[in-house]
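Several structures are given next for inspection.
Below, chain A partners chain B and then partners chain C, in two separate complexes.
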Partner chain A sequence: MIQRQKKIVETMVFSIPAIILVSLTIYIPFLMSSYYSLTEWNGISKQAVFIGFRNFTALLQGKKEFLTSLWFTTKYTIGYVILSNLIALLLAVALTKRFRLANFFRGIFFVPYIMSMTIVGFIWKFIFTSGFEKLFEFTGWQLWNYSWLGSSHLVFYSVVFVGVWQSLGFYIVLYIAGLQAIPKDVLEAATVDGASSWQKFSRVTLPLLGPSFTTCIFMALTNGLKVFDIILALTKGGPGTASNSVTLQIYKEAFTNNNYGLGSAESIIYFLFVLILTQVVLSAFRRKEVDL
Partner chain B sequence: MKKKWISILLSASMAALVLAGCGGASKEAAEKAPVASNQSQQKETPAAKPNTSEEPCEIYMFINSPEYADAMTELIEAYKEVAPHVTINYETTQNDYPTLLKAKINSGDIPDIFASTSGKEIDVYREYSYDLTGQPLQGTIQESVADAMKSAEEGGGLYGIAIKGNYFGIVYNKDIFEECGITSFPSTIAEMKQACETISAKGYKPFTTGFNEWWVFKHVWQHYLDAAAENAGMDVSKLVQMFEKGEAKVSDYPELYNNFFEFIDLAVKYGDDKPLETALDAEISAFGTGKAAMVVGQGAWIEADVLSVNPNIKIGFDGYPVTDKAEQCQVISGSDQSLHVYKDSKVLQPTLDFVNWWYTSDYGKEWFTNVAGVVPPIKGAAASNYAIINQGDALSSQKGAAALAVCYSTDSWHEVFGALIQDYIGGAVDKDATCTAIETRWKEIEGVQ
Partner chain C sequence: MTLKNQKMIYKVILMICLTMLACMYIYPVFLMFMNSFKPFGEIIANVLAFPSKLDLSNYIYVFNKMKYLRLFRNNVIITVIGIVGIIIFSSMAAYILDRRRGKYSSVAYALIITPMLIPFQTIMLTLLKSMNTLHLSGSKIGLGVQYWGFGIPMATFIFYNFMKTIPIEIDESAKIDGASTFTIYIKIIFPLLKSVTVTVIVLDVMWIWNDFLLPLLMVNTSNETKTLVLAAYTFIGQMNTKWNYALTAMVMAIVPSIIIFILLQKYIVEGVVAGAVKG
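And now, the complex of A and B:
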């Protein structure tokens, strides 16, 4: 009995500081912003006017900027999830082969992930503008002469490319861990049964990578939906509104357009959107996982 | 399973929450503030307060325009000799200044001196700003600058001061113009087209545009807006109000519907190779190195940077070709920026002393031209040695200067406006759709709620 009480006290003592900090930075702001989503407030004046659900009805009746940014984010997320996972898996398979510089390359691919997103954004902004200009002078290839950040068609690919480039190392590490956890005896048994190396990969390795897939795709999904800093540093959502993500749109609505209430409402709607989407995707992948 | 579910919920929520949460106002600050302002109203005249000016105190100054950081530091050091007990804590940033200021205001850490744009934004920050009417500096501030510091809602007041007056127009390279045989600045659209052809035939780039930045567009647009209002026989502030109420249509004003878009098309055609990627720094380097003949969307503030690229460049300055009447090609003068004194500041009197000293003392008066090198926002300042300022002075006394139309709208709208024109340049939308978008978004953002 005393033992149990002690345990309860212990649990409380250890978890309360964390709970306080998390509440201060997440739950309380969330509640406050839920309240502000019901008000009309410019973020500056001393009073916020309560207007009920008017912000939400305005948004659901179709505010064009919000919907286009939602579409952009969806496109970005799809491109980002597919490309980052596909390339990371291929590189992980290559890097688990035994060759001399394998560890060195693992390090190299991880470096961009250590850098801050904003810095990566500014570096690539420089490469896209000044770097490509020099490359064009040297090679004369039209590829370098396109306006990668200034054309509303190309900017999507540039943003996805930089996003994938930055986070590739992270997914490679996760896939390498997954690949190394696959028991060697199963692969040996497949070899004994006469499976070709492609058959071994597609019939044994891939299915057993299930948990890695679930983790990586879930991470990529949330990271894709959250995309903000790279776009802010690269294009500020431009040219025009061509690369406006939802997060950037919320930020602009609240801080640039001085519609703090409307911005909060947008973030609440987006929160629900992300919540439902991640749930659906996650449960779909969990069902597909196989056990040994 | 339940645990997993909770962890998923949490991680998913972070995505939206981190964003949603950034700027929640502290309610306490909101509740306390009105009380404080009541108190200050009771002791309305600061002079009546007990004189505590010799006590050491600290003024917190948080403003934008980092390009004047060195000059400001010099000013503050000079004030240190006048008032050794006052410490001025100067902080500056360019990136995202309004967001940082809002965060500070909402957390109750309001700077004693803070910045906004002039004109319409004066009212946005009015409940935090001290009315400087009756202060000694009212005697020296230039009228065009003081006009921009009025509250439109109150119809009066002096809610800020400026670091600088300003000139807006087209900056051009006199040597290139001479080489191409263009003797007078092309001040109508037809002349401008002709000039562009001549200049590009000589192998120069007629324009460098900086269309990557949203604020370049508002600087161009205001010239056309002024002309549209003038030809329609009204004040430009009236025209802006009509757009805000949704009563005006872009297509009703040929200066906007035809001439503005024609100029933008011309600037894109004869401008930078990647117009939407070129920002201010690229503009300055293209102009300074003598590749481009004219700079679009800028004004007096670029001269020092251009001279640091090429000290021997001969800079010319003139208005935009807004119509087919040469006399309407005017430069614009005024102040687009405003420094506010926080009304409920604990160090209100020292802060007022400082800004008064800045605007009325001999050192302060000289500071504007000699140290900061700006268009002086005060009367009776020393003469400048900057070409843009001198030509701006000459032009505005010859032909008159147009009104600073940018100050009638907030930057909230201007940022959207910039994005709309960028979309037009990128070819994502055509001219008519852009005009419709201008009309609806303008009303949506600036219209009376």
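And now, the complex of A and C:
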């Protein structure tokens, strides 16, 4: 009996610190967010006024900014997921061919991923403004002369481009790991059966890459939905609200507009949005995976 | 023979394309480095040209103005505090929750890893309020401690999955020799976790070192506590169009990561892959 009690105490001593820390930094603020989302609160006054679901109805019907930012984040995520995965897969296939500089190139593509996203945003701000101006002078190509950050149409493409540029190396190494895990004998068997290179790729390699697709697309999805630093450094959500992501909108609502209650409501909607989207995508992919 | 030649040609074309692509890819970073050595006038005159002479005055100015050494030290302190705590608390929890299966353990495990589903931005507003109450905001140590909470879910998940591969017989034979649970953890289990510990360290160093939003919320009020990226953000904001100083600040903010990457490339890439596949 004493032995049993000792075991229970031990289990708790080992695991309670982790539970307390997680609760303090995540669960308690989450519960507070849920409560404040039902109030009107400016963040400074002691008393938050309880107003029920009025914040939520205001966000989903009246306030355009929030829905616009949600739509921007959705568009951004779709563009980011598709482009980063497609380009990373192509480059991974090329970089698994045997040649001398392959490792060096992998390193090159990985460099932006280890840099701070804020700094990446600034680098591209510099390139989009000063760099492109000079390139236009040199080449005369109209491409360099567009206002990539100043036009509300183009800014979407610029932001997606920079997002993909920053993290491409990450998806490349994941796909390379996936490609290298494909058993050689399966590919050889296909060659013996007379399959062409394209057939081998589309009928053997791609289906067997299933787990890599799931990982990469899931990662890209969560990273895309979280986009913040890059946009803050690159455009601050502008021009106007043309590149305003939800995360940026939540931040501004609270710290610029001092609407903590409304900001909390926005963050709860954002949480549900992310949760539903990731679970739907994840279960869709799990069903499609091919087992070896 | 012709087939072989054809393959060679394909390979050469592929090589050329890849080389061009890699050059274009890294060109913005290169351009930033190059322009950080130029005085303002030269940047305006021609961004693409090489600097006329090797001039370090931008670096000297930014180094002193940003108080670079202090920022660097702040980053190291925060990252080390964060990592050490994450590793200790996560590996301990993962160890015991795997070895003592039962109702309590499954609830505790679920509690610890579920926060992986909650995006940081959902809680950032109220986090600031609760951390003010706990006096964990506004200090380096406080920020480091907060990373414990944010790092534990993912780290515990990775450690827990690895624990399953360590046979329980190892614990049992040590127990027969009279070792306590804590001794088993310190002397036997923790050393066996080495490979995943490296993974966790790689992932968390990259995250904490470059993190922006949490430091922005917590330690932005005083120059004493700012992190490298945060100070660079403020500094670049103030410099606005003085690109020579802004670019130098950018270079100085990312150079530590680049040096570490060049030295530890293999571990970093392996760690990132392992972390993604397990996470």
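Note that the second predicted complex is superposed on the first by the 277 of 292 C-alpha atoms of A that agree within 3 Å, B and C clash if a C-alpha of one lies under 4 Å from a C-alpha of the other, contacts with A are read in each partner's own complex, and residues count from 1 in each chain.
The working rule: a contact is a pair of C-beta atoms (placed from the backbone, for glycine too) under 8 Å apart; a residue touches a chain by one contact, two chains touch by 3 or more.
A quick note: this is a predicted structure, and the numbers were derived from the prediction, not measured.
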Which holds for A:F30: it touches chain B only (first), chain C only (second), both, or neither?
both
Check whether A:A177 is in contact with chain B, with chain C, with both or with neither, and answer first, second, both or neither.
second
Could you look at A:N258 and tell me whether it touches chain B, chain C, both or neither (first, second, both, neither)?
first
With the two complexes superposed on chain A, say which partner A:F53 touches: chain B (first), chain C (second), both, or neither.
neither
Given the superposition on chain A, which partner contacts more residues in chain A: chain B or chain C?
C
Mind working out whether A:L101 is in touch with chain B, chain C, both or neither, as first, second, both or neither?
second
I'd like to know which partner A:Y157 touches here: chain B for first, chain C for second, both or neither.
neither
Looking at the overlay, does A:W141 come into contact with chain B only (first), chain C only (second), both, or neither?
neither
Touched partner set for A:S45, first chain B, second chain C, both or neither
first
Taking the superposition as given, does A:F271 touch the first partner, chain B, the second, chain C, both, or neither?
both
Which chain A residues lie in the overlap of the chain B contact set and the chain C contact set?
25-26, 28-30, 32-33, 36, 43, 222, 225-226, 228, 247, 250-251, 254, 260, 264, 267-268, 270-271, 274-275, 278
Considering the complex alone, what residue numbers of chain A touch chain C?
7-8, 10-12, 14-15, 17-19, 21-30, 32-33, 36, 43, 91, 94-95, 97, 99, 101, 105-112, 114-119, 122-124, 126-127, 130-131, 133-135, 138, 165, 170, 173-174, 177, 211, 215-216, 219, 222, 225-226, 228-229, 233, 246-247, 250-251, 254, 260, 263-264, 267-268, 270-271, 274-275, 278
Under the stated contact criterion, what part of chain B meets chain A in this complex?
8-9, 11-25, 30, 33-34, 98-99, 102, 105-106, 124-125, 127, 212, 214, 273-278, 282, 410-412, 415-416, 419-428, 445, 449
The chain A residues in contact with chain B across the complex are 25-26, 28-30, 32-33, 36, 40, 42-48, 128-129, 145, 147, 149-152, 222, 225-226, 228, 237-242, 247, 250-252, 254-258, 260, 264, 267-268, 270-271, 274-275, 278-279, 282
Help me check something: in the complex, which residues belonging to chain C touch chain A?
11, 14-15, 18-19, 21-22, 25-26, 28-29, 31-32, 35, 43, 46-48, 85, 89-90, 92-93, 95-97, 100, 104-105, 108, 111-112, 115, 117-127, 129-130, 134, 145-146, 148-150, 152-153, 156, 181, 185, 206, 210, 212-213, 229, 232-233, 236, 243, 246-247, 250, 253-254, 257-258, 260-261, 265, 268-269, 272-273, 276-277
